[in-house]
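Attaching a single structure in structure tokens format; questions to follow.
The letters A, B, C and D name the chains in turn, as written, and every chain counts its residues from 1.
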Amino acid sequence: MHLPDGIVPVEMALAGYACTAGLVAVALHRIKARPDPQAEIPRVAMLTTVFFAASLVAVPVPPTTVHLMLAGLMGVMLGWFAVPAIMVGLFLQAMLFGHGGLTTLGLNGMILCLPALLAFGLWRQIGGRWPDLAAFGAGAGAVVVAVAIFATIVLTGLPAELDARAERAAVQVFALAHLPLALAEGVIVLVLLRVLRRIEPRLLPHG
Amino acid sequence: MAGPDPVSVLHCDGLSVGWPGHAPVLRDLSFRLAPGEHVGLVGPNGAGKTSLFHTIAGVLPAHAGSVQVQGRAVVPGQFRPETALVFQQAEDQLFCPTLIEDVTFGPRNLGLTEAETTARVQAALAQCGLTGLEDRPVHHLSGGEKRRACIAGALVMQPDLMLLDEPSAALDLRQRRRLIALLQGMDQALLVASHDLELVLELCPRVIVIDQGRICADGPARRVLGDAGLMAAHGQEVPHSLTPHHGVGHVHVRNSL
Amino acid sequence: MAGPDPVSVLHCDGLSVGWPGHAPVLRDLSFRLAPGEHVGLVGPNGAGKTSLFHTIAGVLPAHAGSVQVQGRAVVPGQFRPETALVFQQAEDQLFCPTLIEDVTFGPRNLGLTEAETTARVQAALAQCGLTGLEDRPVHHLSGGEKRRACIAGALVMQPDLMLLDEPSAALDLRQRRRLIALLQGMDQALLVASHDLELVLELCPRVIVIDQGRICADGPARRVLGDAGLMAAHGQEVPHSLTPHHGVGHVHVRNSL
Amino acid sequence: MAETSPRARLILALVLAFGFAAVQGLAVLPLVMALALGVVLAFGAGRVVLRRMRAPLLLVLGLTLVLPLISGPTVLAQIGPVALRLEGLQAAALIAGRLLSIVAVTLALLATLSPFDLVAGLRALRVPALMTDLALLTLRYLDEVTAELRRAAVARSLRGGKRGWRALPDHALGLASSLIRAQARSERLWAAMRLRGYGMGPEPDAPPLQNFERLAITGAVIVALGVIWLDRIL
């Protein structure tokens, strides 16, 4: 789910850059306040590499295969580090595989970073009491929120006024098509966080 | 291509091995393994030992030729519980959180009853000396324990053919000794790839040497590994235990300080 | 605690080594290394060889006791270019994209001029036989090349003490031979941890054995490694090249088929 | 133009891409596409661009098939229930033209660089070191981690791992063990980085932009502004 170049008007793309730059600035400020931010770089980098590699693998969700988004999981595991990590991932994806684009980097950043931060917040609020619920919510919810932001951007961005009926139908089809992905990510994050909580709780420092 | 071979556990015939989009790594390989036979596979880094194992296990499609296990052709992607592959990197193979879950993973997929599964798992753990470690997280196991966990996960499938890729890598001598004892006691046919020629010599009466895409030698271990000319030609060395000497002189002593 | 020791490259005194929150792995270790001395460090998996190296290099704080390198105490977290550590896993040490960037990484942080840096890097690459591979991506190097790249990255710092952790792991015999030749020619003090006792024997006139948290033996390699009782007590074996035999009988021959 | 530095290429790509993205009318579209073609030819990147244009072309094809059918009031032609609409057709042409021009320019300028050089360019543009270091390490270990994940999937299938959606929990287990390994590995990595003085040395200064690069960037800004101006007056 990457917004390519040239679809939305330039004002939106610039606004996306501005919002994402603000978000990155806030995230970096939060990170700098931590005890030894430099020491966390290798950890964040290695985890990001796993997220990136895993999102390149096609996961079977009949009737097709999907690529996991993992924004929710990144939020839970990386906290504020998820923002720079996602931006790095998006830049590399655009450059290496042509997913997304240069002008839409900011918008794509919003599409993934906001859900990641929401998942982070959700996990911090209720992860202690209802970890399974929080995990599923973080995984599935991040996909839903990302789809919602994506649809909003595309609909407001498309130049010609769409036929309202077609518009609603398109949004419904789009949302429905991502329901399996949301469920799959919910299940994956649920199973994964159960394992990590049991085996390696150090990996969930932001719990 | 040959017809079905009901006598051999493994029968490779005119087999070419390679990765998609690359030139073949091994060309026109033919050899057989009898049931219960232990065979060593020796060759330099990049000779294609791991690639061959992946082809025999049906993960990597053959470029040409055929592989039969227990008389039935190997079809890429098909699940063949009679072949078990123990990976070069133990970590790649152990993907479940705890030891017991990992060893149970295979039998769960065989459609056994709960009781049969438990019995098999306990037997495999006992055979590999892992009883008591069931609930340990896999990544807290030591190197030797990890390696034995991989072997237990393979044994529990009750395979007829085990493919072992560098089983002694990173093990200390005690662990290596235990591993040798464990493997020596196995009735399954074994194909063991290793740079540890002493281990090959202790474990395998027969050795196959591969280099530059083909089989360079296939014969009794002591003859093949003892052949200084052959070994040197393929970047190997005759194992110390096959060189006649008296424990002196052979060692390079550095002029220190 | 001892005063500054200007004579030894490395001086460990009453050193206890351990991971934060765990009991010490090694207790009350004392030993010295003279400049240019090559010493083998032998012990079973989990004996604490890697932990000791991390403590000497100043990555892991000591539980108790002191470490001095070139007469100056090692302070955790302080950058001490006179100590170089070659990791057990080559991949983890080579974190830069290409070989040349990786080898240049260290000197960049020493505040040298551009010309000095280049000269040092070229010398280190040549010494390790890596000239011509400068622009190769690190993950396209073979296992032996990766290992030599790690050593080049260490050498380029012109250390007085090199700590080598299992340098021959996963190398075929040809690569291992090259590595031995490379290390034999070094003037730096070396501390080499390895399960490959033949390599230790060829490289190091002196060997330290650690097991169960302490030093069990420290002496001439041929005497320590040739002591069957001592070796057996610590899960080791006398290397084949030190056992008197005539190339027969010693090998376990399996009753095959 | 081959010796243009990564930093200058990134600036050029951003300026031109945003200039092209600002186009709102069909009139300047041919000019924009010609400019894009010029950049591709000037950087001798024809083959790279062609090879990597397939995905964007497919996307454009999809848009041109869908948009004319669903948007706009002016019906051009009616075939049964399907109506071809003018506004949709215009929108599709505009999007297609912009998308292809922007992608061609970015590919021509950036796809011929190694990803590592690109990240060096980002650093020279004063992107925070935390992000460029993240990018470098991710690039360095991406292949290895991908291979690791692939081997783990092979290990699952060799022990009869489930297929289809029922494999999702197994997939999660594999991902969990990869993350645990990544954590352990990152500790070794940090030791390796610190032992060679990570963060001790001076920040490497990016060499200043060369004159021809300044000239090219100024030219690109003028071209971009020119395109926008033409677009507004036509």
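Points worth noting:
Going forward, a contact is a pair of C-beta atoms (placed from the backbone, for glycine too) under 8 Å apart; a residue touches a chain by one contact, two chains touch by 3 or more.
Since the model is a prediction, treat every value here as computed from it, not as a measurement.
The chains that touch chain C as well as chain D are B. Each step here moves to a touching chain, and the least such steps from chain A to chain B number 1.
Across A-D and B-D, the chain pair carrying more C-beta contacts is A-D. If you average the Cα atoms of chain A and of chain D, the two centres end up 18 Å apart.
Chain B and chain D have CA centres that are 44 Å apart. One simple way to say how far apart two chains are is to compare their mean CA positions; for chain B and chain C this gives 29 Å.
With touch defined as above, residues shared between interfaces to two or more other chains in chain A number as follows: 195, 199-200.
Residues of chain B in contact with at least two other chains: 97, 139.
Multi-chain contact residues of chain D (touching two or more other chains) are listed as 137, 139, 148, 173, 176, 180, 185, 189, 193, 198. Judged by the touch criterion defined above, the protein chains form a pattern that is neither an open path, a ring nor a star, and not fully connected either. Interface note: chains touch in the pairs A-B, A-D, B-C, B-D, C-D.
Those residues of chain B that touch chain D in the complex are listed here as 54, 57, 59, 77, 79, 81, 83-85, 87, 89, 91-97, 105-106, 109-110, 138-139, 153, 157.
Those residues of chain D that touch chain A in the complex are listed here as 13-14, 17-18, 20-22, 24, 52, 55-56, 59, 67, 70-72, 87-88, 90-91, 94-103, 106-107, 110-111, 115, 118, 122, 128, 130-131, 133-135, 137-139, 141-142, 145-146, 148-150, 153, 163-165, 167-169, 171-173, 175-176, 178-180, 182-183, 185-187, 189-190, 193, 198-199. Here chain A touches chain D in the complex through residues 4-7, 9-10, 13-14, 24, 28, 31, 37-39, 41-50, 52-54, 56-57, 59-62, 77, 84-85, 87-89, 91-92, 95-96, 98, 101-103, 158-163, 166, 170, 184, 187-192, 195-196, 199-200, 202-203, going by the rule given at the top. Residue ranges of chain D in contact with chain C, taken from their complex: 114, 116, 136-137, 139-140, 143-144, 185, 188-189, 191-198, 200-202, 204. Contact residues on chain A toward chain B in their complex (touch as defined above): 195, 198-200.
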